[in-house]
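You will see subunit A twice below: alongside subunit B first, and alongside subunit C after that.
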Partner chain A sequence: MALLEVEDLRVAFGASTAVDGVSFSVPEGKVVGLVGESGCGKSVTSLAIMGLLPKRRNGRPAPVTASRPVTVEAADGGTVAAPTGPPPSATAVAPVLRRRGSGADVSGRAVFDGTDLLSLAPAAMRRRRGKDLAMVFQDPLSSLNPVVPIGRQITEVLERHRGLKGDKASKEAANLLDRVGIPDPTRRLKEYPHQLSGGMRQRVLIAIAVACNPRLLIADEPTTALDVTIQAQILELLKDLVEAEGTALLMITHDLGVVAGICDEVNVLYSGRVVESAPVRELFAAPTHPYTVGLLGSIPRLDLPIHEPLTPIRGSIADVIRWHDGCAFAPRCDRVAAPCVAGEPALVGAVHAHRCVMAEEVA
Partner chain B sequence: MSTEQHAEPHVPAQRTEGPDLSTAATGPVAAPLLEVEDLKVHFPIRRGIVVERVVGHVQAVDGVGLSIDSGGTYGLVGESGCGKTTFGRAVLRLEEPTGGRVRLGGDEVTAMKGEKLRRFRSKMQMVFQDPLGSLNPRHNVDMLLSEPLKVHGVGSKAERRKLAVETLDAVGLPKSVLERFPHEFSGGQRQRLGIARALMLRPDLIVCDEPVSALDVSIQAQVMNLLDELQDEFGLTYLVIAHDLAVVRHLSDRVGVMYLGKLVEEADSETIYEHPRHPYTKALLSAVPQPDPEVEANRERIILKGDLPSPANPPSGCRFRTRCPWAEDICAEVEPEWREAASGHKVACHFDL
Partner chain C sequence: MLRYTVKRLLQLSVALLGLSLLLFAWFKALPGGPENRLLPENATDQQREALRAALGLDEPVWTQYGEFLARIVRLDFGSSLSSGRPIATELAERLPATVELSLAAMLIAVGLGIPLGYLAAKRRGTWVDFSTVSGSLLGTCIPIFFLAAMLKVVFAQELGWLPTTFRLTAGADFTEVTGLRVFDGLITGELDIAWDAVRHLILPAIALSSIPLAVIVRITRASVLDVVGEDYVRTADAKGLKPATVRGRHVMRNAMLPIATIIGLLLGSLFAGAVLTESVFAFGGIGSFVYQATTERDYPALMGFILVIAVFYVVINLIVDLSYGLLDPRVRVRK
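Our next item is the complex of A and B:
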């Protein structure tokens, strides 16, 4: 059993579906990639696993006991796991802050080390978040608190999860900064996020994430906001941390170059579903789904003859996900044929899986 | 210069000819269209509340010279903060240069002012990085595209609309979008609009500042192919500014690498990617992740230490020395000269690496 098993994860914001039945697994100590373009649902998937999506508050069923999870029919016909009781504070504050009907409907399972994270009570999830599983976000400036020194932002995690206080916590924070390659860590502890460069901020964010030696690290586009030379530094750092600690890493990115460099296994997402998943070498050696083929053909490469024409995917991603009556990629696909729009394509194959009805005939 | 306040007759005359697609297509003549000499842009750093004093300068661009042949594409690469965008803006006089000269088709852009400069702007246009931020949200496509024509007094309303439709067609958008507003388009379509707007006056030079970096991978390729096609169709000369080396390599004939306000290396795009001579270029190239696990597993990375130094207080001697893995004493003392290391291959480094 893998460390994290995501099964049939669905996330909908009101009438629009962001994630439409995503399943994948992250084995212990492995780096798994979640690749796709904007709007494919990769970030929402990670937020759902971390329990960071706002819960939908409209028409929810009554709180149930954790021992007997109840599912209810959702509007779209899928089943929605009834969220366990909200904390008292949330009930008191949330209706004031949030419009009725906003928030996300999350269903499916995300089994982490035997526990379904999606069915955990918020308090139980808080105990795990930052300790057993941690996250590195894309934009380090907006994920760090601008008015709190970075040292405090690191010690906060250490206090909460490891019970370290005072000098001990500061010392550990300095160690962490040193470990992520920030020079002169003791002085840096007192600095504020705006005093650091983009690469440094991302290192701080990684330091906070690895503070409690999590078993799973989720990195959501950790290098997208950075320059190439800094990106190389950060990727190297993530690789070292993962190797040294045996941490599993879920890497969310749009950059197939990053995937090729760091991942062991890859899941390609399109329009809220996995369209292809394979070990990294197999995926790049023999991409099967036309979308993966298209993505690879769209990237200008430094190791191919110069001015080689690119073969882009035509059109652009549709706002409305439609997988029910056919392949959502069909309108942009060059291989499209009658079976593509005749029904829902299934994910076939075990090690190298793909969601394309035409794949066998073409290959 | 003040005697040139009145516009030269030939510029407006040429522009009022109306929708003639071939005016700018001068054919592939290998004469430099754009010549830039020793361009400098320094921004003053001011301190003080009541009395502002200048306490220093950010040397955003500090002596950059290059030339682009007519119909050619020059790619300028560098990381954020290296001054590449400021350079592009200064070439178009959107930023006032502190020193140096810019000549476009023989006319000295840096010496122009007032009405003459305003009219001259029809020859040089820009495509911006953020297509949503650079299109007025309250203007529909018709208004967006005819605006530059109105500003330069080109054609009647009907002619302007005809030209707008032709240009939309050239960038791959249907006529039906004329009444729509920027928010109704996807990112890739917006960038097509941005390109169409830059094309409306049929300019000679287009400065593309990060033309694809805000777009998804599959859309990037579409826009890059479009830029290629338009270059042939309209005889355009491009200055492409980007941080992505693969994008620049794909689009450009000649590539210049900038670091902290200066060019460190310049060569034909094939040469610079095959045989980079400057340590910074080598590091940049080795840092670009390749979409191939075999290549990634076997490549040797040069990981640069630290961040870009402040351009307000650049290091002495060679500006790259603080991060250079090969730096020696001489690098801190003497600024390396901008020398021709091989035919057509210029580099600013003391060593032959």
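Our next item is the complex of A and C:
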């Protein structure tokens, strides 16, 4: 059994569904990628696992919006009619809703080391967060408290989960800063986030996350807000840390370069559901789902002629069909056909799995 | 921090100089100069000229301004035209009462307003939030003098729980140190006096606190709502910290920044409200003094009052700015 097993995770904010039945697992000590473009539900998935989504106050079910018919242009020029629901507007949905105070409906299971995290009481979850599983966030400036010295922001987690106080905590915090590659750590402890560079801040966030030697580290786009050179350093650091401690890492990213550089296994997410999952080499060697193919085609490559145009995926993630009506990617897909919108596509395959009914025919 | 403080102090002296200029120009521009107040209506023009010369009103404007500044620096605001006593003495006698009243009102406003505002934000959209917000709306709507009179009628006259007027029971034997009665009672060990002063303070302080309380509730609510959506609060939650730690160290410390500014501004404006409250409770602060000075065209008295209030305002703002430096490290000037 893997360290973390996510089964049929669903997250809805009112009428819009952000995560629509995601299942994947993170084996002990492995680096697993969760890949997709903005709005596919990757961040919401990670926040749901960490129990950081605002809970709905009353258990009212989300209102159901009636489906309206749309037509999908098929590859052969004809049209395929398909019912569609409201698009899952997952983009930045979490911060917005935190502010509004309305909550998320979370269902499914996230079994971590034998315990379903989603059914834990808030206090029990607080005892595990930051200790057994920890998270590194995307924006290192806004994720650190601007009015508290970074030393205190590290020692508070040591105090909470490891019972370290005073000098002992400060010493350990300095050790941690040293471990994440911050020079002159004792002096840095007294500084505030605005006195550090972006890369340094991300190192501080990582130091906070690994402070209690968690068994699972979740990194949500940890390099997106950084310069390319710093990105590489941070990736190296994460890689070293998880290798040294045998920590499992769930890497959430839209960057396939990051995936290739660090991940053992990859799950490609589209519209709140896994559309393809495979060991990293197999995914890059033989992408099966047209969305994965499209993602790979959208990357500029040095080994192609200079004026070779990129092949972007047409449309946007807002053009969507609900998964139980057909393939959500159908409106943007080049090989769409009638079977694509005739009900829910299943995830087929074991080691290298995909969710495309047309895959065999194309192959 | 030292450089920041010095910089702030320099800015403060510029502000005060500008203020003295404004004040001087304003009094020069007012119709019906002081000689008309002092002389009988049938005085001759020679008598007026003689008095103007005696008061130095015939000197060039800049000389008058220089003289004006020099006297201010010596805290010599002249004598009251109605009582004949030095203004500085009058103010010094009455100021402690107003300061004590304002501080008590602010204590109530802050002590009640911040927790209520926090609660309203946390329970956003519930009846707690609704009643707090509408209550604070009510608080800003009720005129202070009406609230003061109602409190006095109900709790002092009808129920008799608290005294109706004055700062102490008549004939009380007390030792004066700072003029702040509660504080004096505590430091001299005259606890009965301190308690008596508290009882006299309660009603006027509640009346005076209504507006700042309402404002602080609303600012706190808005500020907390802003901060709880911040990424660093999510980081704090992700560390598994206890809710009290997240609230104190991460939410409130950031939410305090706008609240501190508002508290400073409100403290200044409290003096204006004190004029009304003091007259209802015959509290004997600068309120009644100003009221009298206005109706009697007692210019030196008004001038002294405005200057003192202005200095208070500026000093309070300085304190707020400095506390900003303490609260927010980003404001501090780097060495």
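One rule holds in what follows: the second predicted complex is superposed on the first by the 316 of 363 C-alpha atoms of A that agree within 3 Å, B and C clash if a C-alpha of one lies under 4 Å from a C-alpha of the other, contacts with A are read in each partner's own complex, and residues count from 1 in each chain.
Here is the rule we use: contacts are C-beta pairs under 8 Å (C-beta built on N, C-alpha and C of every residue); 3 or more make two chains touch, one makes a residue touch a chain.
Remember, predicted model here, so these are calculated numbers, not experimental data.
Superposition note: with subunit A as the common reference, subunit B and subunit C can be accommodated side by side. Touched residues of subunit A were counted for both subunit B and subunit C, and B has more of them. After overlaying the two complexes on the shared chain, residue contacts for A:P339 are found with neither subunit B nor subunit C.
In the superposition on chain A, A:S298 makes contact with subunit B only, not with subunit C.
Contact with subunit B, but none with subunit C, is seen for A:Q231 once the two complexes are overlaid on the shared chain. Legend: residue contacts after superposition of the two complexes on their common chain; A:G29 is shown touching neither subunit B nor subunit C. Contact with neither subunit B nor subunit C is seen for A:P331 once the two complexes are overlaid on the shared chain. With chain A used as the common frame, subunit B approaches subunit C to a shortest CA-CA distance of 7 Å. Subunit A uses no single residue to touch subunit B in one structure and subunit C in the other. Listed in rising order, the residues of subunit B touching subunit A in the complex are 79-80, 186-189, 216-222, 224-225, 243-247, 249-250, 269-270, 273, 283-296, 301, 303-304, 307-308.
Here subunit C touches subunit A in the complex through residues 124-125, 225, 228-232, 234-242, 245, 249-250, 253-254, 327-330, going by the rule given at the top. The residues of subunit A lying in touch with subunit B in their complex are 37-38, 197, 199-200, 227-233, 235-236, 254-261, 280-281, 284, 294-303, 306-307, 309-314, 316-317.
Residues 50, 52, 95, 98-99, 101, 125-131, 134-135, 137, 139, 142-149, 152, 156-157, 160-161, 192, 194, 205, 208 of subunit A touch subunit C in their complex.
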